[in-house]
Structures are given as C-alpha cells and as structure tokens.
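The same chain A turns up in both complexes below, where it pairs with chain B and then with chain C.
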Partner chain A sequence: MKRIISFPHLGNYYIPVKYLLEKLTDFEVRQSPPITKKTLELGEKYSPNDVCIPFKYNLGNFIESLDKGASILVQAGGGCRYRYYAEVQEKILRDLGYEFSFIKLISKDKMRVKETYNIFKKLNSKLSLYKFINTFIITLFFIYYMDKIDVIIRKRIGFEVDKNSFINLREKMYKDFYNCNNLTTLTICYFKYRKKFKKLKIDKPKNCLKVGIIGELYTSMEPFSSYFLESELAKMNIELKRYTDLSYLLWKKKLTTKHMLRKTKHYCKYTLGADGLDNVYRTIKLAKKYDGIIHTKPFGCTPEVGAIPIIKKVAKDKNIPIIFFSYDSETSNEGIITRLEAFYDLIKYRKEKK
Partner chain B sequence: MKKIGIPKALLYYYYNDLWIYFFKYLKLNVVYSNQSNKKILSDGERLAQDEACLSLKLYLGHVKDLINRCDYILVPRLYSVKKNEGVCTNFNALYDLVNNTFDNINILNYNIDLTKNENELLGFLNLGKELGFSYINSYIAYKFAKEKSLENRIRREEKQKYNLTTNNTKILVAAHPYNLYDELVGKPIIDYLEDENITIIYSDRINHKIIDSECEKISTDIHWTHSKEVMASINYYKDKVDGIIIISAFPCGPDSLANHLAIREVKNIPVLKLIMEDLNSDIGILTRLESFIDILKQKKEENYEKNN
Partner chain C sequence: MKKAYLGIDIGSISTKGVIIDSDNNILLSKYIWTEGNPIKAVKEIIEYFKNNISDDIKIVSVGTTGSARRLIGSILNASIIKNEITAHAIGTLSIYPDIKTIIEIGGQDSKIILIDNGIVTDYAMNSLCAAGTGAFLSSQAKRLGIDVNNFGSIALTSNNPTPIAARCTVFAESDLVHKAQMGYNKNDIIAGLCKSVALNYLNNVAKGKKIAEPIIFQGGVSKNIGVVKSFEDILNTKIITDKNGHLMGALGVAILSKDKPEIEFDFNINNYKYSTNSKFCGKCPNNCEVIFINKDDEIIDHWGNRCPRGEKITNKN
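Coming up: the complex of A and B.
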C-alpha cells in the first residue's frame, strides 16, 4: 500500500500543492478533508489556549488527515509565528499518539532551492534536479495564474447574471490546469480561460461600490476562517480587491518592500513586522479610488495590532471608512453579518452623498 | 543641556545598563518615567489597541508619562539582534507606533537589523551623531557602555549561581524581564515569594553563554531571541529548583507557543503559569500563588521524610 502524504488547507491552494507533490513523489497525495466546524473544534481542543487561530485550523487539518490514514505531513512555515508552528504542532500530534513523518518546507525564514531539493530527494530517490526545478517553476506559474484569474473574478463576481457561473468555470479551470504537463500548455490554458472569464455575462453599473480587503494572510486567504467574507460581499454587489495572495507572499512582497517604504514614509520609517507595513501602504493606495476598507485578522495577531493604530490614522487622514474584523473561535457569524451590513449602509450612503 | 527620557518598560529592562553608561559617558542627562502605576496603566490602555498586549499598553503609558519632562524620548527599533533570529513584532513596530500615536513628540531612535547588516554598534554611532557627537566619541562611549553592561550582567549571573547553592526552597521565576521586574506585573509576585522566604531564581540571570545550547535541547526552531532566554532558563534550572512560575502578559504571541513547548519538558516539579491581563486586583493571583507554595512545601516535606 502506498503511503499517504497530506497537508493543511489554505483557500484553493491545495490544488497547486497537490500538483507539486504528486509530480515529485511516489506517494498518494491527499489534501486534508475540507475545513468544517469540527476541524476548528479539534484544533482548539489540543492547541495552547492563547495561540492565534490559524494554528488551530492547521492542527485540526492535521488531525483529520491523520485519522484518514495519512502518514506524512507537510507544513510550509514562513514568517512571524508561522515559522514556529511546525515544531509545536509536531510535538502536540506525537503526544496524541500519532505516528507520522513531518516535512517542513521552509526553514530559517528562507526557502533555498538546494535544501528543498534535498528534502524531496529523501522522499523520492529517483528525483532529478532538472525535474524538481521544472515542476517547481510550473507550480509557481500555476499559483501565479490562479491569482491572476482570482483578481478578475473578484472584480466581477458581485455582478454575475447566471448564479454561480464564475465558481463553476473556476472549478473547470482548476481541472484543466491540473492536467497540464508543461509551461506552454499551462500558459495557453490560462489565456483561454481568461478570455472565458471576461466573456461571462455581468451586469455592472458604472459607479458600483468598491471595497478593498487587507489584513493578515491566513484570514484573508482561507474563506472559512473569515466566515466567507468575500462571498458575503459579492452578494451585496460590491467590487472587491484583495492584495494578499500566495504569489504576493512568495515573491511580490520581497520586490515591493522598498517601494512601499518610500510611499509610506510619511507614516512609517521601518517595516512593521509580517504584513504590517504592507497594510499601511494598501490603506494609502485604496483610499484614492475605493469606497471602504475591510481589515481582517485573527485575535491577538501581534504584527497587525502594531499596525492598526497607524492604519487608523491613515484612514482618518485620507477620510476613508474602515472596519476591523478580529476572528476568534468564538466569533459568531451573525455578529459579523450585522457589522458588515452596517458598513455597507455607511459606504453606500457616502457614495450617494457624493 | 539636553535631557533624554527613557520609558521604564519593554526594552529598558534589557538595555538600561548599555543606555545609561553610553549617555553618562557623553555627559548627557537622563530622566526615567515613574515606576508603573495605576495611572500609567490606564493611560496606556486608553492609548493602545484593545488587543495589544499588556506590556505594550504599559509602554505607551510610560511614554505618555515622559512627555513634557524631557527633550527626547528614546524609542529604539529592533528587528533582528542575533543572526537568523528575530524579535517580537511589537519591537519591529515600536518606533512607528509611538510616532503615530503621539503628536509632536521628539523621538530619539536607533535601529538594529542584522538582516540588513545594521548592528548594535552602527545603531549607537547613528544615535551619537543625532545628538551631535563625533563617531569616535560615540564609538568609545559605546565600547565603554558595552563593557560595563556586560560586567553588570556577569555580576548578576554570579550572584544567581551562589543563590542556587543554598538549601532554601528555590523557585525559578521565568518571564521576559519587562514583565518580571515591572512594578505592577511581576513585582507583587516577587515580593510575595520573598516574604515567604523563598530563594528566587530569575530567568534573565542565566549564564548568557549557555542560552543557545540549553535552548536547543527543547526547541530547534524557535527564532525569538528574547523567548530563547526564557526557554533556556527553564531547561537549565528545571532539575535545580523546587518549582517554576511562568509569568506572561496577555496576549503574548511568542509566549503562547514557546511556554507551551517549555512546560511539556518539565516533568518532576510543579509549574505555575500566570497570565497577567487585568491588574486591577491581584487577589486571584495571590490565591493561586499561596496554594502553589503550599504544594511545594508539602512536596519538600515528603521528600525529606523519604530521605530519612
């Protein structure tokens, strides 16, 4: 029997990750079961009390995967507390009596090609460096194209004529992307679908409401953790913009930090840790053309707590409405919807007054 | 003459010696904010975000306390003080946070970020330049201050080593120094323990040379310099003391993971984890301390009887 390799969820990114792992290893790749209330309960039960909520989701994902028979787990790591998730989660899971091997993709905050290659080489001794790099690049483009399409979708989905037309087409696109074996076919596929998405029928008034979503990365990328904020907003016929996506975190952030520091120099002299500065920069940028800003974060997210006073100040100076959502495991859906509706009324009123 | 204000919170507890000798050498006056008190806390709570940690709230209160009492307020910014390590993101944002929270505030700032090759020396040279001293003057002052502060640290470490050899009941109090020595957070606990005639072992007085090696025994991945000290002390002292008290502010990002990991390594002695949030009444904390000490004493007696 093949061993099963599994990894936690982050929005739709399980598709490119699955693609990568399937190409590079001989194992059966199975992402964690979809996130439900049960996942959070499981994660909550075994996590330290005051840890931030992505940790709990991740841990819940792992437990559910292990229960389904997975024996190899993959955790990405990254900046801030994410960097430290893997070790603590591994210890908690071992204490629970599970047997598995654990792979950390990013160690010491930086991803090095050679180190990562060695990790995969251990899993699959037949893997050649050429194939590794090739697959890796295709996966990166996979993510890049996914994010590009998502930008188009966010702009239009609030005004779709046929219900679920965007979501259904996206599902189809993912399937086609998944079957591409090289960069050329993937690129052709991407352009084909871009055309299709732009041709989907929409009914968009010229002065529609526009809202930007900023904030911590997990809550903005994983719809479940923000109680499906984006689809709720789409129901209200709002055009959306969101900066944080995986391609942003993987390479765009690094390239734009200097530019952001220049643009925010009126408020910030240094980076604020994690995505703090990015959010200040986004607030300044969004204030020019958008009607409102929504900031999401898990409860107790230290970098965002440091940045929020500055974001508030910017929003006040630029006169743009902003609302802050802080998600905890006890947050109720109704409370969020009520606040969102009030926010919607506010920005609508402001727009009409103009 | 220019007066420099130092808020008695957060980094003060790590760098006070360095700062004070540096400024003394350059013949500058230094004013401190008052010890933490109820007014400072309520000021801080009003200025800070609801979700900010207790220590950050106190810090802002201390800055407020200094306004109009000095020409400059010293607010450094730390990003990475050791290679491949980071600090809590509150320290990353500290300067900009203070600058944006208060209007018309004159901040004296230096930056330590090893990822961009800005080390401590460079930071102090720039600090000296801003105050109008030549690089040479600042360099000598920095070297002098560094030496003195290291001397002081070693003296404290020696004292701790001596304390460890006594036969008295010993308790390790593990916390970030800005919680440990704060008048409102850690001081009541330390006072209580001293009244009970208990020898206190402080987590920040561990031999600084063994921090890395001790910490690695618990955790290989941890990257917060300040949490490493706490973890190393827990691992190093766990066989040498009778009990451990861990103090942490709510909500602390690094502590939420690091303390969790450290506690599971301690098996034979009782551990008390105190998370400080509401400081309006310390009765709850004192009750817990009392029962913790009762347990310790009982355990010690049992051991004593067993041995005889």
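Coming up: the complex of A and C.
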C-alpha cells in the first residue's frame, strides 16, 4: 500500500501543491479534507489558547488528514510566528500519539533550491535534478497563472450576470491546468481561459465602488477564515483588489521591498516584519484610486498590530475610509456583517457626494 | 388619509418604535425592554400603535434596524432593513443637521460616527467585547445595590470620583470590588464608574478619531447624567443629549423607508403565531445551522445556509 502524503489548506493553492507533490514523489497525495467548523474545533482544542488563528486551522487540517490515513505531513514556514508552526505542531501531534513523518519545506526562513531538492530526494531516490527543477518551475507558473486569473475574477465577479458563472469556470480551469504536463501547454491553457473569463457576461457600471483588501496573508487568502469576506463584498457589487497572493509572497515581495521602503519613507524607516511594511505601502497606493480599504488580521497578529497605527495615520492623511477586522474563532459573523454593511453605506455616500 | 412610516429598532436590551409623518415629525413612539424576546417585544409595540393611532393615518412603509433587524424585518415584511450605524446617522441628521460627532453607547455595543457636511465620513464600533457599555453599568449597579436609573444623580453628588481602571470591564470590576472593600464612599465609586465608562469609550472606540463639535450623545447610557457629565469634563465641551435620543435609530430607518415602494401594512401581527426553529444541515462537516422563521405553519424566511448543498433542506420545507 502506498503511503499517503498530506498538507494543510490555503485557499485554492492545494491544487498546485498537489500537482508538485504528485509529480515529484511516488506517494498518494491527498490534501486535507476541506476546512469546516469541525477543523477549527479540533485545531482549537489542541492548540495553545493565545496562538494566532492560522495555527489552529493548520493543526485541525493535520489532525483530519492523519485521521484519514495520512502518514507524511508537509508544512512550510517563515516570516512571522509562522516560523515556529512546524516545530510546535509536530510536537503537539506526537504528544497526541500520532505516528507520521514531518517535512519542513522552509527552514532558516529561506527556500534554497538545493536544500529543497535534497528533501525531495530523500522521499524519492529516483528523482533527478532536472526533473525537480522542471516541475518546480511549472508549478510556479501554475501559481502565477492562477493568481493572474484571480485578479481578473476579483474585478468582475461582483457584476456577474449568471450566478456562479465565474466560480464554475474557474473550477474547470483548475482541472485543465492540472492536466498540463509542460510549460507550453500550461501557458496556452492560461491564455485560452483568460479570454473565456473576459468574455463572461458582466453588468458593470463605469463608476462602481472599488475596495482594496490588505492585511495578514492567511486571513486574506483563506476565505473560510475571513467568513468569506470576498464573496460577501462581491454580493454588494464591489470591485476588489487584493495584493497578497502566493506569487506575491514567493517572489514579488522580495523584488519590491526596496521600492516599497522608498515609497513609504515618510512613514517607515525599516521593514515591519511579515507584511507590515507592504500594507503601509498598499494603503498609500490604494488611497489614490479606491473608495475604501479593508484590513484583515488574526487576533493578536504582531506584525500587523505594529503596522495598524501607521496605516491609520496614512489613511487619515490621504483621507480614505478604512476598516479593520480581527478574526478569531467566533462562530457568529453577524457583527462582521453589520460593520461591513455600514462600511458599504459609508463609501457609497462618499462616492455619491464627490 | 395621511401617509405615515413605521421604523423599529430592535436592540439587545430595548426595542424602540416610531411612526413618523411625511415631514419626519414623530407621531407616536414607544420604548420597551426586549427581554431576550424580540418577537414578543415587537408584537407589544405594534399592539400599542394599533390602539393609539388615529384613524386617518395609513402606514405605507416599514423599516427595521438593530441587531434583530433581519428577523423582525421578515416578520413585518419590511420595505428596508438597515444596519444601525447608518440608521442612527440619518435619524440624528434629520433633527440636528449640523452635527459632527455622534457618540452612541447602548446595551451591548458602543460606536462613534463622524459626520461632515451631512454625510458619514468615518465610524468605529467597539471590537467584540462589551466593555464600558450599558450592560456593564447595570450589572455594577446591581452589585452596589442601587437602581440603575438613580446612577447618574448619585454620581453627581460626588466631588472626588474614585479612579477605576478603564481599560477592560474585567479589570474595572475587580478594581471596583477592591475599592469598595477599602471603604471608599459609594457615591465616589459610582462617579468613578461613570468616568471609567467615558474614558474607556474615548480610549478604545474613539481612539485616533477627531471628535469635532457639535457632539451628540445617544443610546441608553446617555440617559445617565453622570456619564454625560464625565464626557463633558474630559472633552471640555458641551454635549447635546436629546430627549428622543434613544429613538434616533428607529427614526432614521423610518426616514430611509420613505423612498421605498409603498406596502400594505397589517397591524394584526398578534393574530399570528411566529416562531423560529433551527435545523442542522448535516450535508457536510460544516453542519451549518439554518434558522427558519415560521408564520403559523408556513416558513416565511430562512438564513444561515452557505452553499448549494443546504438549499435542499431549505426547499424541502
């Protein structure tokens, strides 16, 4: 029987990760069962109480995977408290009596090709360096194209004419992407779908409301953890922009940090850890063309707590409405909906007045 | 036949209802405790209106706001269901068109609304914690063995308010117990509590917001003259309180409902039995709790379902 390798969720990125693992290893690859309330309950039960909420989701994912028969778990790391996730989670799971092997993809905060190759080589002794690099590059493009399409979707989904047309087409696209075996077919596939997405019927007024979403990475990328913030906003017919996605975190961030420091020099002298500086920079950018900003973070997210006073000052200077959401494991989203509705009214009246 | 508009604000602690005419004058109003049963409270209000309304008035639209707005909105077949922040701003502006800052402290939440030239420019609501709200004051009044209605007048008799931690309700409470056991005067402690509510509000909800004059103070806690005085002392300015301050939400949503198409309003909601029941979907581990609103035996609304899987159970019923 094949061993089962499994990993936690982050939005739809389980698809490229699965793609990568399936090509590089001989194991059966099975992502964690979809995040549900039960996942969070499990994660909460065995996590330290004060840890940030992504830890609880990840741990819940791992427990559900292990219960489904997984015996190899994969975790990344780096940045903020996320750096310690892997070690602490491994310890908690072992204390619970599970038996498994644990792979940490990123150690010492940086991903190095050679180290990563060695990790995979241990899993699959037949793996050649050429195949590893080739698959890795295809996966990166997979992620890049996914994110590109998501940018188009976020601009348009709030105005779709046929209900769920965007989501359904995206599901189809993921399937086709998954079946591509080399970069050329993947790229052709991407352009084909880009055309299709742009052709989907929308009913978009010229001066629609535009909102930018900034904040911590997990709560902005995993819809479950933000109570489906983006789809709630889409229901209100709002065009969305979000900077944080996986391609941003994997390479764009590194390339733009110096630029961001220059642009934010009135407010920040140094980087703020994790995405703190990035969010200050984004606030400055968004203030130019957007009607409002939504900032999301897990309760107690230290880099963002440090960035918030600066962001507030920027928003005040640039006169743009901003609203902050702090997520933890509350089960009711009524309070969040009330604040969102009020925010919508606020930006709408402001726009009408202009 | 004169046209009139009904607005209802169902908060966690109290339920407010108003009927206004087309010039936004309040014709009738009613203020009662919700007592954890919004349906009963609304029935009581509608009954009161039914008995007191003059015959030449016809209700042509209904608006609901407050934390139970959706539930009551579907029972009354409301023309508009609006969040309380917008409703409060609209209601207040109809009476005080120049107002710049609205301070609102209710039973469970507190908010600040900043207005410039008649539009809301910024707002903030307390984060998910009831620190420094009406619920805190009434529980502390009970602990000190006094009626919450006398709280303000007792506070005003003190010349030397006892400092009480304002950061968090739990700290404030243990501080209060400690000070009481140390033998501080009761009226000083009460004045200190009023001050801590004002400080807590300014430090948490209104943090970083520019509080411009004129300022109006609303919500149940604004009836407490001790808190009003604390705000005036700290901000060093005059604060407006309105005798109808508690009705602003209801008034605002009644005004908002005026733009909506006219409906036939039925005063006889007491003849029907309204009930809610919940069902767990059970189609996936998410196990969404779907809530149904029934009028006699017929389902008039439901919510809580998030995906197509759950539509099966909502359709079946």
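Note that the second predicted complex is superposed on the first by the 353 of 354 C-alpha atoms of A that agree within 3 Å, B and C clash if a C-alpha of one lies under 4 Å from a C-alpha of the other, contacts with A are read in each partner's own complex, and residues count from 1 in each chain.
Note that a residue touches a chain if its C-beta (ideal position, glycine included) is under 8 Å from a C-beta of that chain, and two chains touch if they have at least 3 such contacts.
These numbers were taken from a predicted model, which means no experiment stands behind them.
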Fit-or-clash call for chain B and chain C when the two complexes are aligned on chain A: fit
Chain B versus chain C as contact partner of A:Glu341, first or second or both or neither: second
Angular separation of chain B and chain C about chain A, which is computed from CA centres of the superposed model and rounded to the nearest 10 °: 80
Touched partner set for A:Ser326, first chain B, second chain C, both or neither: both
Chain A residues touched by each partner, larger count belonging to chain B or chain C: B
First, second, both or neither for A:Asp162, with chain B first and chain C second: neither
Which of chain B and chain C A:Glu115 touches, first, second, both or neither: neither
Chain B versus chain C as contact partner of A:Lys353, first or second or both or neither: second
Which superposed partner A:Cys52 touches (first chain B, second chain C, both, neither): first
Distance in angstrom between the closest Cα atoms of chain C and chain B, superposition on A: 5
Footprint overlap on chain A, comparing chain B with chain C: 309, 326
Residues on chain A engaged by chain B in the complex (per definition of touch): 48-52, 55, 80-81, 83-88, 91, 95, 107-109, 267-274, 276, 299-303, 305-310, 313, 326
Residues of chain C touching chain A in the complex: 67, 82-86, 117, 119-123, 125, 127-128, 208, 284-287, 306
Interface residues, chain A side, partner chain C - complex: 33-34, 36-39, 228, 309, 312, 316, 321, 326, 330, 334-335, 338-339, 341-342, 345-346, 349-350, 353
For the chain B and chain A complex, residues of the former touching the latter: 48-49, 51-53, 56, 77, 79, 84, 86, 88-90, 92-97, 99-101, 109, 111, 113, 219-223, 250-261, 264, 275
